[in-house]
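Look for chain A in each of the two complexes below; its partner is chain B in the first and chain C in the second.
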Partner chain A sequence: MVKSTKIEQSKVLKFLIIIACFFLLVGIAEAFNWGLTTSNMEYTGAFLVGFAAILMAAAFLKFIKESASQRMVALILLIVTVVTVTLPLAILGLLAPGSVRELEFNVVTMMMDGIVIALVGYVFLILMFVSISDLIGKSRVHGIEKLMGPARAEKVRLANDRLKKIWKQYSTNRAGVFALIVLIIITTIAVIGPFLAPEEPLQPKIPESLTPQPPSDRHWFGTDSEDKDVWSQFLYGAKTSLIVGILAGLISLIIGTVIGLVAGYFGRVWDEVLMRLTDFFLVIPWFPLMIVLVAILGRSLWIVIFVIGIVSWSPTARVVRASVLSIKEKMYIERSRALGAKTSHIIRRHIFPNVFPLIVATSILLVAEAIFSEAFLAFFGLGDPNVVGWGWMLERAHDQSAMLNLWWWWILPPAVGIIVLIMSFYLVGDTLDEILNPRLKRR
Partner chain B sequence: MARSMRGYFLRKVIYLGITVLLIMTFNFFLFRIMPGDPIRLLFPRGADPDTLELWRGLLGLDKPIWEQYFNYIIGTFTGDWGISFGFAKREPIFDILPPFITKTLFLSGVGTVLAVFLGVIYGREAAWRKGKIFDKVATTTAVVLYSVPTFLFALFYIMIFAFIIPTWPFQGATSPSYLFDSMNIFEQIIDVAQHAFLPVMSLILESLAGFALIVRSSLIDVLTEDYILTAEAKGLEERDILKKHAMPNALLPVVAVIALNVGWIMGGTVMIEYIFTYKGLGYLTWEAILYYDFPLLQAVFFLEIVAVLAANFIADILNFYLDPRVKI
Partner chain C sequence: MADTDILRVENLNVWFQMREGFFKDLLAKKQRYAKAVDGVSFNIKKGEIFCLVGESGCGKTTTGKGILRLIEPTSGSVIFADEKEDKVMGDLIKSVEKTYETEERIGKFAFFGSLFASLATIAMSINLALTIVNLGENELVRILLGLACLFEAPILFASSRRYNRALKAIQEKTRAIITLEDGRPALDVRKLDRSELTYARQRIQMIFQDPYESLNPKMTVFDIVAEPLVVNKICKNEKEKEDRVKKALNDAGLRPPEFFMWRYPHQVSGGQRQRVGIAGTLVLDPSLLVADEPISMLDVSIRGDILKLMLDLRDKKRLTYLFITHDLSVAYVFSDRIGVMYLGRIVEMGPTEKIIKNPKHPYTQALITVVPKPDPTAKEEKIILKGERPDPTNIPKGCRFHPRCPYVMEICEHEQPAETEVEAGHWAECFLLTPEIVDKWNKEWAVKKEEEKMKKITAPITPKDKEKKKK
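Our next item is the complex of A and B:
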């Protein structure tokens, strides 16, 4: 470990840049509608950032070892965040026109935004934390050690090394890198797309012509049968696919992991019952089941996410169970038990971290499937009619027989979008699977 | 061997029974949580309350829930599947299903057989030329095809055919004149084939890539085995090694995958039949949803699940016979 004696200027710069990026992201999120419905969102900023700040503070306090002065630093940081970000936005939100009227309508959207921003905030928190430790300590490792204690610092260092190794392996796979770049591009479209879009797709508009117009200077991707801009719809649609895919993938991942862990670790009756349940969900044809569930429960975005998550967890449960079964038999688990470790400790500290890499790869494949499912439900008119998505666009196109009329500019953008997005998730998941799952390594 | 086989068989049958019961329970309660009074769907607004009560009694909807459940289980096995509420009003569901079942069986059967056949050839040729340009192009194409949602295949086909052959039939399983006996047998065959062509092609493309990729990776594994080297050392023809020595072993995992794919193909028919108005079970699913015809939906859903279960069961048994390594 190299220790330098003075704080390097570049580190200060890095710290400032990271902070600035965070604020920029929050700003983008607020100004350009992270929300799924396309309505005026400024006022929600206060609540969202407040939410994110609370989460950040909680994470911070958890990270920092028991020392009064360290806790003080964290608290001061929290207060600074609240004063500089939350309060001004809250005031702005209250001053924004029409905020009270739209407040109750958008509670769900707000929560959604809160989750997204909190996730982003968490990543930035860790980056900030490393930078702060750079500033406080003389070197990175030393800094982390000072804040967290030596054991934690070693863990962070090991995790860091591992990540570097994985990236090194990943970057040799050309298809994987390509897919990752495509994913970054699509995510960027999802974040800033609504800002670039010339018009809001759901806003009523007096049509100039009722036949779709081919691409022109004014409408890059042409117009649809209501004279609305296809390019704008395309930009808005990326966000829906991504958010539904990720959230539904997350739901099915959580269910699958919990069931796989319990079945694998506790065995016996648990295993029998849970595996019968898993088999049951494994054999049920997904698409008819999703149709039936959405038809019964209703057609809102949340129900679509929930249904996709509920239907698709079974393969994960199987994979996790199989892996838990082999890890459970390892000697160190037995030793740990002999030392008096409780079940919850063993699962948390020994089993879960070992299963985790497997879950990461699986989860990305699940996202691909969830995106497919969302497009499918939307295409067949079972999606949320008030959410612009690529499946939604295809449904409207099919409804107006765009295929028979050869209005290709209306069909190709969403179709290609869906295919490319699904494909890049598959490829990234596959590449990660090959790296993290040594069993699958090619000979 | 014989005794262990019986044990294996027995366990599979017991599991199958449990799963079927679970599915029936699930199916029953799923449609009981549907909001609204089902009887209301049978009659127009302002119908005579006595008639409503009479029908409620006739359908057994006034009985306690556990008795309804019991009746449902009994009815499922004795062919009493209730009456349709909307799609074909008040007709017994058991009687209206057969033509739909045959259409779906035809579509998915032809589609699956062709997809497996083509997928195996595709995967075999790709694996045989592993690392060469043919393999790279073929694998990339397969990955792209694998990522395309099924309904998009159907849309692209319609677009391409509407552009090249605008007179090609896109709707239904037969032309209207088919029903009036104005065609001779050849015209009838051509008519059916013409109508089935696009749906079958969509189904093939849907599952072809999956089969191809699995055959490829499985064959690549097999080709590195020692006995292949032995065969080469003996001086056998290369294609003979591929076909007679490598393929039989490489195809083992495919059997299981075909069975798992039946659920996928079921989903595919649901999409494809809707787009092409091909009146099979998948089409019926949509009609039942459209009419809030929950007994019909229940029946169709049950049939779809049973098809998947049966396929899995057959695959298990087949796998047992084909692969001596299967654990008892």
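Our next item is the complex of A and C:
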């Protein structure tokens, strides 16, 4: 009886934490999206974030009750979280003059916001969890063990150790660390950019002058030919690039991984057919293919993402297949089969975990490629005209012959943005590849 | 329990098809095979250690894997029988019976499906007839009949195929469960369905040769040992799983289990790795372990420990081993009975003492003389076999050992020796043991040769023969 109540308690705690995380995420989203736009929704974000904080406090305090000092640690952590994240968000939500910036209610932008925020929030939560469990581990309190049982707790701890090891290797590469910092900055811009922007780029506006103005203290990056602020466009554009990059990269990653796994594991006819398909996509020049596809399917952001994903999966499939082929012959697969394992189990527990590091490394490079493709398509006028992006900015600048007139303030920000973003993705991917890919491993 | 058989392998064949190219295979008159295992028969008694010995490439491992169906045997039977009141066996029988029922039901369904399909065919022909004669006034009926025809072909195809398969499965499976002479239910592993193999694999487990290769580097020891439980869906909750894993690790000599459970394979030593492998087989509580050279990759200092552990486990858990090794000295120390394999066939089989002290087959004799002796002053003639091991794709005619045999006779090149019982329970396949047969054959052969010679002399000389003579 005692045991069962314990299990129930831990389940309740888990549930509490999950709900708290959910509220936190929704709260942040609220504070950014609706809190800024409609006046009667302003308080929702702040309220939800506060509620989440209370729930989390309850959860943490409940499962760390070994000693007073641990409780203090948890409390301090909680206060730090509230002060650094929750309070600013709540204040922003309260102070934001909702009537001034009325966004068009675009489903696409909303979803994009949601995805970016969810990603950032997820990373943030993981970091928080890791740091807390680390602290607890050091002080030898078995809080997590109580929460999820010794087996799972040990697994979490092992995963932590591995992450730490990877980070230790990663941090020796200076370029990689620098690129990671740049990436974090750009991601932050993407998240809070729309809030910092002095004006909304797609909002119709009566121009004061029809020639672009150079940077001034009113317009930090100058204006374009419609007298719109380039700085705001730049801030809005970061989000688009990031979202397209991540989503298209994800799509191509999923397709590539599935095809590589199937071709590598099942072999024979599957291998032949799927690899010929891969060869087809590998050989075809994919920029023209992309242009044709977008031209046929239409100029919407989702279609652009889809097309980039569809076109760029072939290298991943090849890499995954090659890796699967070597893993398939390993003895532990045979052992597993001797134990009576089915194919799904073998793929899930043996092949996928061994291929995964490779996939992570390739996926980041895929994201960089997808960002470039998006900018490229937008520059050729095939992007979504209703979504502000860096490629979109370049296209407009090019249309108004900004190059000939030397309106550098209009061209430089998006161009530099794209280059820096792609570079940093490449550098991060390269560094990870070096760590995770066994062939490139030093030592 | 000492005398009952736990495993009977009868005439097991594992042949691999030789592929030389699509068209060559198509045009070849006879499909060529690599006969890795060619007619192996033996039996293992409960609680016994049976050792398969032979040089590398003789098919020992293939036999072991064939028993577990990791490599699909070409023919033969692998009959496994545990104690009467075994739960797993009961489950298996129940499951097989259930599949019979469902298969039968599906068969019936398929039968009615094909009946419907044939009715549809009749309808189609009537429709056709109506159209041709132009009697049908009602368009709707005709359209309906047309639609029925449209669905007819695939249904007919699928249902008849399914029906055939169901019938075949029933026929196959009625032979999968056998009752032995002493009334115990036994199962023929080779005839089991793939989905039912899991039951058999709970009872027959394999210990692999290379503990460095056979453990997934991405899994903790806990996960590796718990894998059979997860795969076969045995544990109800995490607690039970943990308990069983701890018990298995404890049995395998990894104490305390908590100390090893959360490590990765690269964090434990070679001997401990093999112990992890053994623990992974013990969680399921098997009764037969196929140990495929479990100590050959280990450090010499640990080998004894692992062997001792295996012996302890036999006494404690009443395990039976099929021990596969190339090392005759290990077999001598460890096993109760030995089967000596040469080129996919057991050439000599019997109790360990008798085989080692009184080997009858020349191959066994050669193997025994080359085992290093601890006494440096002892001088013994070593029989070094001449020639190379013939490959299994091209097995020599007659006795398969004759190209390398020091006592080769003429009969060996032409006839396959039969199994001969030398002493009680000691069998060998060699003509040296049956001089009377050899004598008889020699006489017949002499007569035959004489006849051939006569034929050659009487036959007219052709130009081809002249050329041959010149050469």
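Here is the rule we go by: the second predicted complex is superposed on the first by the 292 of 443 C-alpha atoms of A that agree within 3 Å, B and C clash if a C-alpha of one lies under 4 Å from a C-alpha of the other, contacts with A are read in each partner's own complex, and residues count from 1 in each chain.
Rule of thumb we're sticking to: a contact is a pair of C-beta atoms (placed from the backbone, for glycine too) under 8 Å apart; a residue touches a chain by one contact, two chains touch by 3 or more.
Just so we're clear, the structure is a prediction, and the values are computed from it rather than from any experiment.
> Evaluate whether chain B and chain C can sit on chain A together after superposition, giving fit or clash.
After superposition on chain A, chain B vs chain C: fit, no clash.
> If we overlay the two complexes on their shared chain A, which of chain B and chain C does A:His219 touch? Say first, second, both or neither.
In the superposed model, A:His219 contacts neither chain B nor chain C.
> Under the stated touch criterion, which partner chain does A:Leu158 make contact with: chain B (first), chain C (second), both, or neither?
A:Leu158 contacts chain C only, not chain B.
> After lining up the shared chain so the two structures overlap, which partner does A:Arg349 touch, if you call chain B first and chain C second: first, second, both or neither?
Only chain C; A:Arg349 stays clear of chain B.
> May I ask you to decide whether A:Ile296 touches chain B, chain C, both, or neither, giving the answer as first, second, both or neither?
first
> When both complexes are superposed, which of chain B and chain C contacts more residues belonging to chain A?
B
> Taking the superposition as given, does A:Glu334 touch the first partner, chain B, the second, chain C, both, or neither?
In the superposition, A:Glu334 touches chain C alone.
> Quick one: classify A:Lys239 as touching chain B (first), chain C (second), both or neither.
A:Lys239 contacts neither chain B nor chain C.
> Report the closest approach of chain B and chain C over their C-alpha atoms in the superposed model, as a whole number of Å.
Here the least C-alpha separation of chain B and chain C stands at 12 Å.
> Which residues of chain C touch chain A once you look at their complex with the stated criterion?
68, 70, 197-198, 201-202, 205-206, 208, 210, 213-220, 222-223, 227-228, 230-232, 238, 242, 261-262, 264, 277, 280, 284
> In their shared complex, at which residues does chain A touch chain C?
Residues 149-151, 154-155, 158, 330-332, 334-342, 345, 349-350, 353-354.
> Quick one: which bits of chain A touch chain B in the complex? Just the residue numbers, please.
276, 279-280, 283-289, 291-293, 295-296, 368, 372, 375-376, 379-380, 394, 398, 403-406, 408, 411, 415, 418-419, 422-423, 426-427, 443
> List the residues on chain B that touch chain A in their complex, please.
15, 18-19, 22-23, 26, 30-31, 33-34, 143-144, 146-152, 155-156, 158-159, 162-163, 170, 221, 224, 263-264, 266-268, 270-271, 274-275, 285-286, 289, 297, 300-301, 304-305, 308-309, 312
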